[in-house]
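Read from first to last, the chains carry the letters A, B and C; within each, the first residue is number 1.
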Amino acid sequence: MQRRPAAFNANAAEALLDADLQAALGAAQAGFGVKRRKAIEGLPEFEALCDQAAAIKDHVLDHLDVYLERFETQVFASGGMVHWCEDAEQARQIIVKLCRSVNAKMVTKGKSMVAEEIGLNPFLEANGIRPVETDLGEYIIQLADEPPSHIIGPALHKTRDQVSDLFHAHHRALGFAERQTEGEALVGEARAILRQQYLQADVGITGANFLIAETGSTVIVTNEGNGDMTQIFPRMHIVIASIEKIVPTLEDAATLLRVLARSATGQEMSVYTTFSTGPKRKADADGPEQFHVVLLDNGRSELLGGNQRDILRCIRCGACMNNCPVYMAAGGHAYGATYMGPMGSVLTPNLTGLERAQALPFASTFCGKCEAVCPMRIPLPKLMRDLRTEAHATRITPVRERLWLALWSWVSLRPELYHRLSGMGLAVLKLLARGRGRFHWLPLAGGWTRTRDFPAPQGESFMAQWARRGKPKA
Amino acid sequence: MPPVNPNIALFVTCLVDLFRPSAAFAAVRLLEDAGCAVKVPDTQTCCGQPAYNSGDKTSAGRLAAQTIRLLMDYDYVVVPSGSCAAMIKRHYPQFLAGDAALAAQARTLAAKTFELTQFLHDVMHYKPAARAGDTLTYHDACSGLRELGVQAQPRALLSGGVIENDDGETCCGFGGTFCVKYTGVSTAIADKKLDRFSATGATAVTGGDLGCLMHLAGRAARRGLPLQFRHVAEILAGDVSAPAIAEPEK
Amino acid sequence: MSQQRIAIIGRIRASLMARGAVSDEHAAASRISARARNLIPARGQLQGDALRTQFQNFVVKTQASIAAVATAQDVPAAIGDYMASGGITGPVRLSGDHWLATMPWNAIAHFNPATGAVMETDGAGVSVALCGIAETATLMLTSGPTAASGLNFLPPTHIIVLRAADIVGALEDGWARLRQAGNGQMPRTVNLITGPSRTADIAQTMYMGAHGPKHLHVIVVDGDE
């Protein structure tokens, strides 16, 4: 798989031939669908809560600078520090600097898509600091040296046998000679290994689902408890989060939490929802001595001012990709970017540039399922269409496509010409079809006929026949 | 109370016009049987959806203006396609909202534009003749389903019932130009849909959007699947004389 | 004030202005101080018996277990019963909570109950919850001088003791309790715990005890001290 959006088609082709991946995607799709439906049926107020959640986020975005400042004040007040980073490079540098300040050799990490976005792990390694992923899915892909393929279940694309292979290859050196094949045993093995890492780590790095302005708290949501183990034991807790994660109050967080777990995994509430505020208090029984929040902009402050702003409401639940026919056929790696699926198709071009990532907003049938399941009411197809409009206007779409579409539109604006040309075309096709009803191949239609037969026209167009029958035209 | 002898413009849509006139003739028959006076404005071409979804807002605007002018003066506009009906009914008012000249007209036209089965059932309270024939499964095209809420209407009209296929609300993979820009993915999605059709045991598939049906029928033909695809207008009008989509002539 | 901070805030303000808006410190400050509750589902607004039943039923749904005792003095024996029936071995690590300290732990001396730092070898941890939220069967635990957060995660079995009077309807009610208890100050860590640890990261199959405890047991104390 190539790590660039422009390779979407090539990546997807590879993905479609990968039987293991297709099986994994099929299982995931079935699971996610059923669970989300059940969770929503169990909460009659769900749609109303989604409306409120979207309104809360819109309000925050309208006053984002003020809320960020308030958040920072509260973090200071509780004994923590805030570091503002305009881009990925600044964020990487400050994190390494912080790690170095406590002579960190090994850091444990909770799952963070923002950390993925800034390419943190390779940078830590290049600076002599070993990052250990603790979320089981992230741990698996770290062993496989692959990027996440889903924002909630990063190893969604792996089968149990593949995990068994990975663990056997990597855990032997740690004293686990016997290969495990059962899921429970595999989890147990990972648990045993990571337990040691939690206790030995110098620094724990987590992301944040939410940042609470009222209290200066960072919030993580996990089912494993890995994010908690990551932040309790080391001397320093670093939170890496993007600026749009701000939520005004604990009450507002409660509303967002109600729609998050349901949309993500169909649970009422994830097992561990943790609010962290500053370092340990002086007399606390345990906890980190230092608390640092690294706030990342990386294009979001600009996004805020444009017509794509709605994507900043995203709470990273993954419902859109769980329900996307394209994602469920091609898998997450096909997108070649940190963020995948419908939300990734909107966010990626906005963060990395449309020219490089234009394949993504076009990789949609506009079926609208993503918008229907998005708890934050993000109009994903509209945002993708607006990106397509920008791509067209700046002429970065392929010339050939623009020409064909321009021709179609031009002819359509000239009805007489349209009907004359289509008449000729239909006559030719009808002749060529010779009664077989379809074409196995047609010039200029390779995109269709590569995998499908092309239905032959029935003969003259309806309009031509209607005109000939002398019926009143208008 | 359904309207009495309303003046209908049939907006036939380019795919139906060019590839499946039998569906348009069936639509006319149904509408006349329901008590409508059907007119076919003779300068109709494309509603502009391909341009709109490809990002060419300028061309889309011009085609929208042309289409609005064409259809303004009728009581109702009926469209045998969920996606083209949704283009006129939902998208014209949205993307022309800022256009001083067209905004109001777009809204007016939107209010009187309907997808075929929605019009027959919801507006005309039409009851078609009883249908005999193949065991049928229905394909709910996404635009009609999610943008217009078309789901119950075709089922109510198809007396004799349909066998529901699993995950019926999942896309078939057509998506307009998507189907040729992302051929592999489009086809993989179609295959899943076709397998679910086959699993119902139905021998025939129908739906309200010809694009989806041509894409699915073409793939089914390539795979040699014994499924017959026809537009829902043809099934409702009891007209199965024409070969099914992609089927050879007898 | 860092350069980066100034730049980011500046860009945010420019973006808001580009859409004809200006942020309002007042609006933000009032929203924060108001702490208004948004929509709370009916399931989060139960009272009396319905509240208790909802909490109990949902604790079980989250794959935790629950038992009730009449008074605090009955807690150690109840823990002993739970561990015996589940084949769970000690030692039992007690949090430093003062309420726990009043209970007769010699009743289960054979499970070696003790306070102090959590050890790798501990079989079960015992904590006291600030409150239990019935809407989702969530337990709220806070860090402090007598409550190590590590105790909630390290031992493979976690036992949470909760006063019946501390069962509340919704998370919002939990926040009210928290603000009261902390005098407006947040503790370092608030753990909202809903069932035992689990993962579905291997082939979409659920396994318990991913990193946190495999078993979660809730003991509700009905009576007064």
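Going forward, a residue touches a chain if its C-beta (ideal position, glycine included) is under 8 Å from a C-beta of that chain, and two chains touch if they have at least 3 such contacts.
Computed from a prediction, not measured in an experiment: that's the story for all the values here.
Shared contact partners of subunit A and subunit B, listed by label: none present. Ranked by how close its mean Cα position lies to the mean of all protein Cα atoms, the top chain is A. With chains reduced to the mean position of their C-alpha atoms, the one farthest from subunit B is C. Annotation: 33 Å between the Cα-based centres of subunit A and subunit B. Subunit A and subunit C have centres, each the mean of its CA atoms, that are 29 Å apart.
Averaged C-alpha coordinates put the centre of subunit B at 54 Å from the centre of subunit C.
None of the residues of subunit A touches two or more other chains. Residues 8-9, 12-13, 16, 33, 325-326, 329-330, 362-369, 372, 385, 387-393, 397, 401-402, 405-406, 408-413, 415-416, 418-419, 422, 426, 435-438, 440, 445, 447-448, 450-463, 465-467, 471-474 of subunit A touch subunit B in their complex. The touching residues of subunit C, counted against subunit A in their complex, run 2, 4-5, 7-9, 11-19, 21, 23-25, 27-29, 31-32, 35-39, 41-43, 58, 62, 95-96, 120, 135-138, 143-150, 152-154, 170-172, 175, 178, 186-205, 207, 209-213.
Residues 9, 12, 14, 16-22, 24-25, 39-46, 48, 50-57, 59-60, 62-63, 66, 142-143, 146-147, 167, 169-171, 173-190, 192, 214-215, 217-219, 221-222, 242-243, 245-249 of subunit B are the ones that touch subunit A when the two sit in their complex.
Those residues of subunit A that touch subunit C in the complex are listed here as 24, 27-28, 31, 43-45, 48-49, 52, 56, 59, 62-70, 78, 83-86, 90, 134-137, 140, 153-156, 158-160, 163, 183-184, 186-188, 190-191, 194-195, 198-199, 213-217, 223-226, 228-229, 232-233, 243, 248-252, 254-255, 257-258, 265, 267-281, 283-287, 295, 297, 301-306, 309.
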